[in-house]
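Have a look at the structure below, then the notes.
Going in written order, the chains are labelled A, B and C, and every chain counts its residues from 1.
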């Protein structure tokens, strides 16, 4: 019985971690869908959101600092796009990916400099960090709240993309960048919106993630970022439901592996999964096979 | 009847629900110049891409010099959504990759020129010699293939001289004027030592005088290199002047084939080009 | 007529555009000899702890690694981010195979001296380091190189992470010493050693790039579809480029282990790959000499010239703002972003620094010659 509740607990944690990855993965998959860019800096936006919270909550009450953190994260995400990606729109794709790596490097180095490289502890958000016990399973509210919140946000986002005019424009841009431009869609606005949504979700993800693992480090963004990217590939890059499913699969598997005592391999597992997906089904779970025009 | 070199049989190419090429069959014989014409979007380039292995056809087969090099039938999802004909006629799946097909002796040019734009004219031609060389990466790196390398360089240079491009050899290919880029692309294709040359709109964007020069050029290389030529072209002067036979494609299907004079008087062809009345579509 | 043609071809092929090859090679040989002599001389007059030697040693090692990455990114058009992983394999292979049996008990103190009780000679171990890294490159290439190049970036990055986790795995401790560091293996004292090894390796890469295979790589970079239509087997050639790159990164890793006198898996993070990639970008993607120059600049800045940025500076009782630990890396990243955004070609673009180039430069400077052919080209294009 104890054993069972241990596994249920791990499963719940897995679902919750999966939800956090999902929120980050959406940013990757949307940006890739529109710009065909692996936004290597996305994980560091997530990290920055963590630090914003650390500093904001030091002097402001939570009900102000949470919206403020989300706002700052969005501003950071959009500025990165404006400063580092927009000037390279006509450049070869490799240049823009290098720019993304440069931004990631800059954000990490700046965070190290600003914080002195020491780990900072994340503020405790009351209520959601509280522990609850259901039957024999002990867990925190955050673990239960994360998947619910994630699904609600994802459903909202999918509806936005499916039913609004802006969503239609986004789909058009991801199908054919140039034609969409010729049809009078303001590409730059659409790209900005994509980054706003992506950064906003990464901000929410960071609040949930750090409430659970309350240590913020300048390099903390790399791992969740990479995993979220793998989740996006697993689900079929460009597909939002795909990224969410992929994120939950990764989150759950990872925690099962940890529960079995192979913590060293919980990170490596993600990449084994990546290689397997690329061998078996490179277009991912929900991705479409694309044919290159000759 | 001369020997058959390219035999295309019941090729259907379906992308999702769209049939780009429908049940296309055609033949090219040794020493012939054959043209494939048709309105824009008729599926001509798609047919080329199937023959050169860039696309795997949904159904049908292609033989080169009597050897079956491509064959396929609808599989998986496609088996249900297949809209073409001759389902069940082909049982095997044979697909050679574009590089293998080039090695067999089919060379091609592209509709929108695809040169190695960062490399020199000489290097562009020299690369074509790479695949037939007997070197390996070690012998090439440590210059043990000196004689072979010299031979490749000499052959490439000879080809450039014959094509009157010797003086351009150190120019970067991407910086050349359009007409010369087209010629260079043909020269590069010739350097692969093909038996069959596929030209995809070689005269696109050329004025009448340049087109006439190109016409002479195609005839000349055909005779000098003992080639068969299969080309897509819109310039009717060029097509009528040098083609032995013509195939006409419209909406993915073959609507006519025959000698140039037959084609120019064929009512269906004229309709396809001048605008389609309703019954012509059926 | 045919004979005339033959003659023109011969002339064109051997056209002495610039210097006679023999003269050129002699000059290059003399310059290299002078360089090595210069280093030897520096070693005689300066104390071995001098910062110059750190910069030279590390710069030479990073040059090799940057050039190996450039072979992929700049010459084959493949975006790989696995260099840290290949270096780690090289470093560990070298270290594990060369620690003398008598030191093993101390190094593998938690694992009963490990399970290996022999030590290979240094050159053999270095070669094996390269080979093992190359083998890993080959294995990753198998699933990934048939796909779009984006996947290569993420798969190689992932591979580097997997390797780091595996090496630190407790059960492998008797071989890799798990997360403890490896030391006591043979290292080099003289700066000449990394210069000669890295120089030889870079020379081999240059030979490869200028061979028929190098041309095929560049063709793939410029246009994959056209390259395939020219009979180039894309997958096979991409594999060759990846394996070669991994091989030399492995040797670079072994050199780095020797330089540091110890290895620890924890150091080979993706940030290390990013640094190397940024070196390549600064030098110019597609320029060997650019990568070399950028490596030395990068190392000199980070180890020496910009060190002062990390220290609190007080002038006349006034403390300069911003300067404290970590500031150097911020300045660095800003410089790099500046290069990436506004100076995308880097120091060298795709050009090479060559004796011919210098010769032509001076000839142009003094005689005004060499401008004419350019005008001709322009005329042709009009």
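Odds and ends about this structure:
Following the convention adopted for this analysis, contacts are C-beta pairs under 8 Å (C-beta built on N, C-alpha and C of every residue); 3 or more make two chains touch, one makes a residue touch a chain.
This structure is a prediction, so every number in the text was calculated from the model and none was measured.
Comparing per-chain C-alpha centres with the mean over every protein C-alpha atom, the closest match is chain C. Chain centres were defined as the mean of their Cα atoms; on that basis the chain farthest from chain B turns out to be A. In terms of their C-alpha centroids, the spacing between chain A and chain C amounts to 33 Å. Averaged C-alpha coordinates give centres for chain A and chain B that are 46 Å from one another. If each chain is reduced to the centroid of its CA atoms, chain B and chain C end up 41 Å from each other.
Residue positions of chain C touching 2 or more other chains: 225.
Shown for chain B are the residues in touch with two or more other chains, namely 54, 110. Chain A has residues 294 in contact with two or more other chains.
The touching residues of chain C, counted against chain A in their complex, run 73, 77, 79, 140, 143-144, 147, 150-151, 153-155, 157-159, 161-162, 165-166, 168-170, 225, 269-271, 274-275, 277-278, 281, 285, 324-327, 329-330, 332-334, 336-337, 340-341, 344. Considering their complex, residues 52, 54, 97-99, 102-103, 107-108, 110, 114-119, 123, 126-133, 135, 137, 140-143, 145, 149, 152-154, 157-158, 161, 166, 168-171, 175-177, 180, 188-189, 192 of chain B touch chain C. Per the touch definition, chain A reaches chain C in the complex via residues 36, 38, 83-84, 87-88, 91, 94-95, 97-99, 101-106, 108-110, 112-114, 116-117, 219, 222, 226, 229-230, 233, 264-265, 267-268, 270-272, 274-275, 278-279, 282, 292, 294.
Those residues of chain C whose C-beta lies close enough to touch chain B in the complex are 5, 8-9, 12-13, 17, 204, 207-208, 211-213, 215-216, 218-219, 221-223, 225-234, 240, 244, 350, 377, 380-381.
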